[in-house]
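Heads up, there are several structures right after this.
You will see two complexes here that share chain A, one where it goes with chain B and one where it goes with chain C.
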Partner chain A sequence: MPVREANNLKIWQRRSGRESLFHWVLWLIGIAIFAYCWQQISKSTTWFFVWDAPRIANDIWTRATPPKWEYITQLGKPIWDTLNIATLGTIIAVILAVPVAFLAAQNTTPSRFFIRPIALLIIVSTRSINSLIWALLLIAIIGPGVFAGVIAIAIRSIGFCAKLLYEAIEEIDQTQVEAITATGASRWQIMAYGIVPQIMPAFAGISVFRWDINIRESTVLGLVGAGGIGLQLSSSLNVLAWPQVSLILLVILAAVVISEWVSAKVRGAII
Partner chain B sequence: MNDAVFDVETKLGQPWKKPPFVQRAWLRWALLLGLIAYLIAAYMTIDVNWSRVYEGLERGKKFVLAFANPDFTTRSSDIWEGMLESILMTVASSVVGIIISIPVALGAARNVAPLPIYLICRGIIAISRALQEIIVAILLVAIFGFGPLAGFLTLSFATIGFLSKLLAEDIESMDKVQAEAIKASGARWTQWINYGVQPQVMPRLIGLSIYRIDINFRESAILGLVGAGGIGATLNTAFDRYEYDTAAAILLIIIVIVMALEYLSGVIRARVQ
Partner chain C sequence: MLRLEKLVKTYKTGDQALKAVDIDIPEGQVLALIGPSGAGKSTLIRCINRLVEPTSGKVYLGDVELTELSSGALRRERRRMGMIFQEYALVERLTVMENVLSGRLGYVGFWRSFLRRFPQSDVDEAFRLLDRVGLAHMADKRADELSGGQRQRVGICRALIQDPALLLVDEPTASLDPKTSRQIMRLICELCKERGLAAIINIHDVALAQMFVQRVIGLRFGAVEFDGPPEGLTPDVLTTIYGEEDWEATIEKVDDDDAMAAE
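Here is the complex of A and B:
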């Protein structure tokens, strides 16, 4: 413990001189980087608009309130579409994620040096690209509509579900697998009776959790034209119909809160 | 396994059946029927233009091929600018978000903050978590104008909700003994936080911060779609012009950076924890 002596008094310090110097240099570099970033951001900002922002915000607020409640009658179908995008996307994703997860887990993968890296690559690449970008891409390929949204959500969720699932597979209790193996079970029987029952709760939990996230994501997919309530949001924004925008935002907020509540309840019941 | 009525005599000689995942039979059937009914209803209401999808397969093939042959050079200046802007936004918003979220997290931990402050901070967290980044970005672009400032504010705002919630949970579950020992030595409140609480939650804070930087970078890639700066605008243009090779190049860069960040965060988290 570094102790400094001054006037015959021992003063405790948290770090020795060299360590604290090192820390100061680190902080200095960090602050310099941040200052540079901020400078660049502020360079490409029109500050006049920023100083004007409170007035604009106030203006938007007065335009947006009260929400246009009667518009909700036209939102039934978009909400149903949003629900479909999230649910069907999750179902497809989960079906595709299971084999990927089994191929990626250390203890079930058929080949550690060839197939496992491919599975991991699928997981990383689908996970690191946002569903909006997938939607953008799919709209360019298969045209706008709900179907593009479903596929976008499905692709995006594969990585997430497969990652959590393969971690669950790697953490299983090996003794149960050994017991099944000892009975002379085949490779598939070991999977069905030794591994699957152990990961089933995790699997159900992951699916519901992802469904909850997908409801969130599918509400905004319409912004790029992939169906759902986001489509109404973007068209209302384009015609500056702020009362409709505020109503849609309220509906989205309600959907998010409800889906989070449902998912928490279901996960609570499973685990 | 219904242990209460498990009777060896009746089970003897009968083949073993795998216990179902959902124990209650009526619930199992209701779930299954509901799922089928839902799938039929969903299938009936989604109108898919299959001929359009079929036509699109050709373009899809082109796109997949573009991944094998990405074009980094033709639009390199646009890509470089967008990427730099995304990274700038990520760094700046992560720093600001983390700095703000620390006091909010302290306020949202019931064992540190009094009730009124606790409620206010929990409210902040709830609002920030309920609104998605892209919606916040739309509103902020409308208010602050186009450019990376709106994106920066959006990401900072989202960071606060994420980080404060998880950090507050960690503070609430900290070891009370150490904090009490510091208090018993006559420490002021700030000293108590600094020496009693902070060392306990520091590993978690570092791990979460790095994880959040990772998320912020991913999110910064889409904020450009609504005009909030970053690589998203370039990507959107590339898709609109059917320049799949450029789009593939951008996506590859995003994937590589995310992978690098993920690897880095794994290393750092393993070291601090």
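Here is the complex of A and C:
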């Protein structure tokens, strides 16, 4: 009871005495847990390496600068591969995600008890595995190269795109659908006129957003042999060619910045 | 023309929205359905074109019994029932023209409608209707650029291009200002007269209903409490429909034609 009376005044407080005591106890428990964990982590850390870290970092920094600029001639093809992996992967994912999203959305699924769980399972299973792990699996199946990277990115993105899209489908204004239904439109016409126009902005936004994420993800796929600039990164790291590593990181940074700029522009234009 | 026989709708929650409603509407009659919120007005008109499935009872449109129809036959019958909505229910991101033409969806195939290749006769009719409601110059605007009154006019065009025999009108004026409300009501009633359409108009505004329609039905708790000409709406009748209130002012407004002349 946060309101009590004293001297004819009604005093209002956010919490009653018991509630605020409870809050203090909760905070106390939280701090105790934090302190305990800190102690455990500290015990299993080799502090020598940690104290040494600034010196090592400085050492790598001096070796890595300046970047080996002439190496850029060998990076054109890999970064182009990386962009292709991201773009093709996103296109495939979006095409496959659309039907999955319609099957998963409460208001468009043909069967709530049979088909919807299957669609949700596809979404969860593709989303829960990182694209690096998909790439590892696919390299074992279809061999190393760009194609494995494209498929890895595509599979990883289906769930993401389908999930956001089916949420958009569930949030549409149902009266517009009702109005189209009332004209005597068929099931597919209701979809084309009542639903698709309403989810178009979400669809475009999701695709561009995922493409932007995929550019970043595809830069590391080469680490496991799935093509792209990650291949150069891992071989340079293996031979401790730090000036090459720093140049590759700069190229990746540039690619990511450009993709973010493009996706921001596109999304701004649609919404 | 339209006949409801013992129409019952019970929602899954157990709420009985309609209790054995019998209504018979002759050709070309415009009818106002009044009643408090929750009386079942919206449910009633949605049970006619089966946007809401009635629990039991029969609905005859001409000779066709609607509640038994398969989904294909229902779609064909829905073409004969134009519907106009409270919040206009236009597809916001489509143009005015596309919204009007969507009234023809029941007549054209999927690919023609998907590619927006409607027959020229449909397009001609759409232009004629837009001209009739005074929106010919708006055909290319997106629906969300229009004002409330303009949107409702587009909604009316969409219903009429279906070439219906009956209009189902759900609170057409609820989100419009008083002047626009009158204009929209007058437009609907004029168009019904021009084309000889029957109409059921759900409406909150009793005075507005009395101004324009030939017959009023009062619904209360899903049952018909009043059925008669608008003059029959006495304070006593309104009390049985809505509950105790001072009704004199509401009814007086009927004679108040100065405001209309001033428009």
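One rule holds for everything that comes next: the second predicted complex is superposed on the first by the 223 of 271 C-alpha atoms of A that agree within 3 Å, B and C clash if a C-alpha of one lies under 4 Å from a C-alpha of the other, contacts with A are read in each partner's own complex, and residues count from 1 in each chain.
Methods note: contacts are C-beta pairs under 8 Å (C-beta built on N, C-alpha and C of every residue); 3 or more make two chains touch, one makes a residue touch a chain.
The structure presented is a predicted model; accordingly, all values stated were derived computationally and were not measured.
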Which of chain B and chain C A:Met200 touches, first, second, both or neither: both
Partner chain in contact with A:Ile258 - chain B first, chain C second, else both or neither: neither
Partner chain in contact with A:Leu250 - chain B first, chain C second, else both or neither: neither
Per-residue contact with chain A, leading partner among chain C and chain B: B
Which of chain B and chain C A:Ile11 touches, first, second, both or neither: neither
Chain B versus chain C as contact partner of A:Leu21, first or second or both or neither: neither
Chain B versus chain C as contact partner of A:Ile118, first or second or both or neither: neither
Partner chain(s) touched by A:Ala32 [first = chain B, second = chain C, both, neither]: neither
First, second, both or neither for A:Ile142, with chain B first and chain C second: first
Where chain A meets both chain C and chain B, residue numbers: 193, 197, 200
Of chain A, residues touching chain C in the complex: 173, 175-176, 178-186, 188-189, 192-194, 197-198, 200-201
Of all residues in chain C, those that touch chain A in their complex: 49, 51, 75-79, 81-83, 85, 87, 89-94, 98, 102-107, 110, 113-114, 155, 158, 162, 168
Parts of chain A lying in touch with chain B, wherever the complex brings them together: 30, 33-34, 37-38, 40-42, 44-46, 49-50, 53, 56-57, 60, 80-81, 84, 87-88, 124-125, 127-130, 132-133, 136-137, 140-143, 145-147, 150, 193, 197, 200, 204, 216-217, 219-220, 223-224, 237, 249, 252-253, 256-257
Chain A contact footprint on chain B (complex, rising order): 18, 21, 38, 42, 45-49, 52-53, 56-57, 59-60, 63, 84-85, 88-89, 91-92, 95, 130-132, 134-135, 138-139, 142-145, 147-149, 152, 218-219, 221-222, 225-226, 229, 232, 235-236, 239-240, 242, 247, 251, 254-255, 258-259, 262
